[in-house]
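Each of the next two complexes has chain A plus one more chain, namely chain B in the first and chain C in the second.
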Partner chain A sequence: MGRTHIWAKCAALGLAVACLGAPTKARAGQASDDRMVLEGVPGHAGGRLVVALRSEPKTLNPVLAVDEPSREVIRCLSADLIHINRASLKTEPALAKSWNVSRDGRQYTLQLRRGLRFSDGAPFDADDVVFSFQVYLDEKIDSTQRDLLVVGGKPITVVKVDQYTVRFEMAQPYAAAGRLFDGVAILPRHLLEASYKGGGFSEAWNLSMAANQFAGLGPFRLKEYVPGQQVTLERNPYYWKADRAGNPLPYLGEVMFLFVPSEDAQVIRFQAGDTDALSRFSSENFAVLQKQQGTKGYHLDDLGPGLEYNFLFFNLNDLGAKNLPEIAKKQSWFQDLRFRQAVSAAIDRDGIVRLVYGGRATAIWDQVTPGNKLWVDDKIAHPKRSVERARELLQSAGYSWKNGALVDPRGKAVEFSILTSASNAQRTKIATIIQDDLSQLGITVQVVPLDFHAMVDRLQSSYNYEAAVMGLVSGDADPTSEMNVWLSNGETHLWHPNQAKPATPWESEMDGLMEKQLVTLDYAKRKQLYDRVQEIVAEELPVICLVSPNILVGAANRVGNFRPAILVPYALWNIDQLYVQ
Partner chain B sequence: MTRYLTRRLAHAALLLLAVSVFSFALLQLAPGDFFAPLKLNPQISARTVEGLRAQYGLDRPWPVRYGHWLRGVFHGDLGPSFAYNSPVAPLLAVRARNTLLLTGTAMLWAWLIAIPLGIVSAVRRGKWSDRAGGVVTSALLTIPDLVLFLAILLLAVRSGWFPTGGMVSTAFGELSGRGRAMDIAYHLFLPALALAIATLPALVRHIRSAMIEVLQAPFIRAARAHGISEYRVLLRYALPVAANPLISLFGFSVATMLSASLLVEVILSWPGIGPLLLEAILAKDVYVVLGTVMLSSVFLVLGNLVADLLLFAVDPRIRMES
Partner chain C sequence: MTHRQKLVGALVLLAAFQFLILFAGFFAPYGFAAQDREQPFAAPTTVHFWDTQGHFHLRPFIVDSESSEARVYPVRFFVSGTPYKIAGIIPAQVHLFGVEQPGRIFLMGSDAYGRDQFSRFLFGGQSSMLAGLIAALLSVSIGILVGGIAGYYGGWVDELLMRGGELFLALPWLYLLFAVRAALPLHISQWEVFLLLVSVMGLIGWARPARLIRGVVLSAKQRNFVVAARGFGASDAYLLRRHVLPQTYGVLLTQMTLLIPQYVLAEVTLTFLGLGVGEPLPSWGTQLASLQQFYVLSSYWWMFLPALLLIPLFLVFYAAADALQEIHKTVAL
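After this line comes the complex of A and B, so read on.
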């Protein structure tokens, strides 16, 4: 006995409608009954959409891609078994038309769509799925996707049940198992098995390959790559989705990614009408573009806060083995909860929103932004900035003031430096505002912008820092994507990573909560557990959450069905439905 | 001649070797490597990051890696790009071609404009046209390249007469052969112009002073006294003598042209080695950086070598020395 996912049922219903509507439009070689039907306004077929990428894609191999430009292109070329719908932030069927979960939550049985073909015309079945997961999980390949597929310390196993059924088994029940499949692109076994077995996989599908060596299950397929200039994709005639009128998707005949190396240049190209969609740009550029919104043929959208949270944190590492006596002395401040509370109370979050983001950001007090509607905890208090309260807190902790400067109980003046990444102008500005805010408490702060690689080295290896301003973008709306941040033995438990056992009672409680939510299958119960994690973050302030920038996007008016979302890829997630007039 | 050439080539090889050692060492001195940012990704484990580092040999000490790289260079392998999962050489080849197209065009323009301008202002030395030229060239010399390039970009954006970046338009694929050439020329115009303007003033001033020096020489007076026409005196007698310092200048201008072109390419999105280098430096894709630096050094050395050989051909004194 298993329970069928509700989304699968909806889709099945939609499919039935599609078959009645337009059975004649089904393409040769594709079983029409297994096509997925999308709601939305039917659009015009043909045309070309042009978008800019900040840098070139580095590879088209989904197993090896680590950078966002590569993934942006790969998303148009490939498909996953179960997909996270960017509008609802929930899972929906993709290559798997339905799935059953065993009672204990450890076994997923997926029914694949029948009669699908890769973009080169070769048929797709369970063998491709098994092959794909074999590659992703291969330790020798070092795919960064592998870590997502390791549940409870063991990689998930894949078994072919029949030609169109596969079964996944996990070492422990896993709450967000459906979400694991998102972005795990299914590979064509017929094209990649030889290079995988022959050991040449690390260079397979890099950009110097010929277009005909490549095939995927995505809405588009590779047409041409011109080094340093652009990559052009063409419509995949074998794609497995249709609109509600029965027209095969995607509508667009071509998608062209231009390589435009800087944000400002991208904005200029968008303004000039060279590109049709724009995302990842600053509020300053938003304001510039807004001035001409009426006269030029584009429109802009402010989607509100995304999943990025920016925060200040102090070095709480155990520095016993490191030779850093100066920082170790200052840790007596950082470890004092009242000190962190005072810093949090003294920072003007609204000022940051106004000055750094021109109002296009949202102040936050814990790691879940209001944009993440499924998981945000509404009970978290949002105290206003109060220098008085900060002073009271410091006084109660034994601090005092000498000539306006804050001194600790041992008489030492309070002074520390904040690291930021020099390449991120916003975070450097945030640090500067914190510097100013804390000077009102008599604290002297130095802002140290560093090269990003050097900063990572200090945060993660040498621990040679006092405080840092950083931001994380959750890979998904679900808390499982944040496990490594909140578990005390996590590698990105930034303030004190890789703990052998929890250093504080509240970290120990957080460990328990995170582990429990991971294996709890009921959403309401998980929400309760994760709410408590958010409360701990807001109370204990291991990271002092400050601000979440709004997701800003723009599109030419000629682009239809444009429905940007707060999860990457912000603008092009429904590229199979986009059309141009 | 052969001896001279061998000596120059040996110098060049030593220079390139030194450049490579220094670049490699400096790249290693900066903390963090290409894979460091992955450590901050909550969804990627430390084991995977270590695995990737080992795959590319980043866990070995840098002299070992340098030796490995150097051995590869002699077999035509410039090392791997971590970002592109591919060898560096083909990455560079296409972009170097675009950079050469840009710098070659700009260099041609700059010299074609600078030589007549320099000669004219030398002949009219002290007259108002020479002074006006002097003011304009010093003004251009004082404007930083960055400001100049941004101004040109602004012109393109505001006027809409020129493309704001790229090497071809999006409809390039549908154009005929002739149309494609026109399209590239249209996109080439602004970056090449920017680059030519950036190098022009220094050239004009050098040509002017070289010509002035020659025009004061006794043999020019003698030529004039023989009643040879002024036009002939300038081009037949003065210019070949003045060519000597200009040829050395040509060698140097290759260097300034290359460094200015990196900036132009980034600002006007020209798909040359500039954007590749910038991205590789920021990402610490070391072999790409090294390959680009070496390629630029080779261009530079070749430019100087050509200049030296030309000097060897036109100047008997150098021939005597060797």
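After this line comes the complex of A and C, so read on.
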């Protein structure tokens, strides 16, 4: 990844672009603008794309949105400074047309595109950027992005250099700093400053407000919200991208989000032709849709493994203060590496791939999936399932069998429960397969599906569980997005979160590696460090990685430029280039 | 057909069905947890009597066409297989029928894990049927006690009990069940699960029968013969037992027969909350639950078979209740 990006082509095309169909008001401002030109097949202007959302968006405020449906809509309404291209998984210029990194890697100076306008026609400049970051970093606002913008324990500082230049400063060098800006939507200061200063920001931009109260830098702007039914967006005439023929983007005249509450209902609506694109659906439904692929005017894509990894893990927490004697006794098994190795060896990962995902998944032995081509470590061994090896391991650790049941060195029968989320059918199925696999070792396993919140409460605060099957989806291909999972003081360090100091030598090593890769700027060196983290995961098995499901998407044949990717949002990331025939 | 004949017929059918369930281990060719990971969602196996040349064979056979060359497996009777316990006590391993390994006979197809649905249906009946029956009995018993007292004594007793019942109906059960689950240990043995199912369903369901019974008791106690008996100096207990409660039998029976299928379905919700029968134990509730998924509905018709079998079963229940009620009416007149 080069450290400096210059986007020069756009300026040359600026004039040509401005003459094409943009409203008069915009033309004046865009005569000298810095439009971004996208490659890809030029499409037709106009038309409407219909997609389904699992639930109603709760807000259109990018700072406050936490639920995926809200974010899905907000992505169409807003833009960020530097963007991760979902196809290449690398950063590319967005509202910032170029940037420079200082020698020590702590200062980022961004050149903003000139002459850009928000969707209400108001001009965009450095003041909007400074204001936006002020809001995101405000502790009182409690934005979920804030954590990402705190580097080395200190919030990033933002300084306006001139009207179109801003400088970001970090307390320490940060390897993936460019990626931090992805998804941090720039807010219109002229619309939101009053409510921010007046203390009413938490209410700002909820869906009950009139459409003309909103403005953003995204390809679309809000047209209409019908509670319980749909949100309709219309084309933003001031959008700052064009295709290589000079036509202004986006092509689509309208995007409509229908609220369709269940996956099955979404699949049925897609099959019936009511919606134009579909993502986040199971392999079983993929198989159902596949049967009519030829006749119904849609096509399906299996993109291979994404960034989700599912795993089994044991409770390795320090239960000293908690009153859980039963679980504490069982921890003598869980803490024994040979026990974890035996469990890992006995699990039929291929069976999971076949039975749970109908073959549309990949067995994994560490946290980086084959879908993440930049970071996967090819040296990690993929041992075949072997119940014999599992038995040998248990025997060497002093376990024996009595009437077919496994007993530990103290003579206690080995028996534990696996928590799963009841609302995730796949993970419950995985646990059921593990239950059957481990019964072949003489281990009695109970599968306990719980309501998701009840499960998280047990995993994160009461520690009242023995083992669990979970999955995590990396928000980005870069390891920095996984910091809170692998650092021993991380909140998502699931098997033993929030440690005051690392409980084991290998966790201490992992802490060192993760922290070092964070401040190393050279990709090859970082890759080496993260490879070692993957090796530790595969050797020490704090989480027994099992399977990574494929990303499955579908789209109507009439949708052009459809190029789904393995990073969220799988299907609509290039909505500014989609068109309908 | 007289009502009595109808009743006998229904009872014989029910008894036969209970017999199948009680001896599930014998009638089922496989254990309920046995997975065949090569055959998830296998369609029901066709049992042949005629071979490709058109010859009739007294011993039925199945054809495995999945493997490279089709293999014929004759169906054998009284074969030895997975060990099981008759009625949960006597160990045995003889099964009514089966085929030689690696052949598989799935009379009702297989589920997502390649487990035999027929075997799971029979084993599932053991827990579902018993839990449904006992829970319904529990609900109705509490209902008759509360409804009977409220209806007969009236006044503030009635007010207190009935308002209490309404409170019960209005409780947000879902959240209460979350709390119950949170308070319980993660490990719950099979028996504890069973007791839990029965008590949760039984305790939730009493308010409605209690209301109905109260209504019947209220009208029954105004009847002339009851008033006359009271005039002759009959005690409350005698009146309730001899004259009032018999009037409620009809309501009781219909309530029972309505509650049992309801409770079989309630188990689906309870299982979802982690309070029901856990994997790999089968139950009718979990078998029906798989039908809630679109891909199962649209792709695997044999997953409907458990539901299709339950319809006639519950109809027989209704028929028995209906006949009982009619007979009771005739006797009463």
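Assume the second predicted complex is superposed on the first by the 552 of 581 C-alpha atoms of A that agree within 3 Å, B and C clash if a C-alpha of one lies under 4 Å from a C-alpha of the other, contacts with A are read in each partner's own complex, and residues count from 1 in each chain.
Here, contacts are C-beta pairs under 8 Å (C-beta built on N, C-alpha and C of every residue); 3 or more make two chains touch, one makes a residue touch a chain.
None of the values given here were measured: they were computed from a predicted structure.
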Exercise. Looking at the overlay on chain A, is there a clash between chain B and chain C, or do the two fit?
Worked result: fit
For this session: May I ask you to decide whether A:Ala454 touches chain B, chain C, both, or neither, giving the answer as first, second, both or neither?
Result: both
For this session: With the two complexes superposed on chain A, say which partner A:Leu419 touches: chain B (first), chain C (second), both, or neither.
Result: second
Seminar exercise, completed: Counting residues of chain A touched by each of chain B and chain C, the higher count belongs to B
For this session: Classify the contacts of A:Thr492 with the two partner chains as first (chain B alone), second (chain C alone), both, or neither.
Result: first
For this session: Once the two structures are overlaid on A, work out the angle chain B-chain A-chain C from the Cα centres, in steps of 10 degrees.
Result: 40
Exercise. Looking at the overlay, does A:Asn85 come into contact with chain B only (first), chain C only (second), both, or neither?
Worked result: neither
For this session: Identify the partner contact of A:Thr504: answer first if only chain B is touched, second if only chain C is, both if each is, neither if none is.
Result: neither
Exercise. So, A:Val260: does it touch chain B (first), chain C (second), both, or neither?
Worked result: first
For this session: Considering only the touch criterion stated at the top, classify A:Gln172 as touching first (chain B), second (chain C), both, or neither.
Result: neither
Exercise. Counting only touches as set out at the top, which of chain B and chain C does A:Ile268 meet: first, second, both, neither?
Worked result: both
Exercise. In the superposed arrangement, which partner chain does A:Gln335 touch: chain B (first), chain C (second), both, or neither?
Worked result: neither
Problem set entry | Distance of closest approach, chain C and chain B, by C-alpha atoms in Å | 5
For this session: Identify the overlap between the chain B-contacting and the chain C-contacting residues of chain A.
Result: 268, 451, 454, 457
Problem set entry | Residues on chain C engaged by chain A in the complex (per definition of touch) | 33, 35, 37, 40, 112-114, 178, 181-182, 185-188, 271-274, 278-280, 293-296, 298-299
Exercise. Which part of chain A faces chain C closely enough to touch in the complex?
Worked result: 263-264, 267-268, 282, 284-285, 287-288, 326, 348, 351, 354-355, 415, 417, 419, 422, 425, 428-429, 431-433, 435-436, 439, 446-451, 454, 457, 464-466
For this session: Spell out the part of chain A that touches chain B in their complex, as residue ranges.
Result: 48, 50, 55, 58-59, 61, 64, 66-67, 139, 142-144, 146-148, 150, 202-203, 206-208, 224, 226-230, 232, 256, 258-262, 265, 268-269, 271-272, 274, 423, 451-460, 470, 472, 475, 481-485, 490-492
Exercise. In the complex of these two chains, what residues of chain B are touching chain A?
Worked result: 30-33, 36-46, 48, 51-52, 55, 81, 83-86, 90-91, 94-95, 98, 153, 157, 160, 163-168, 170, 173, 266-267, 269, 271-272, 275-276, 278-279, 282, 284
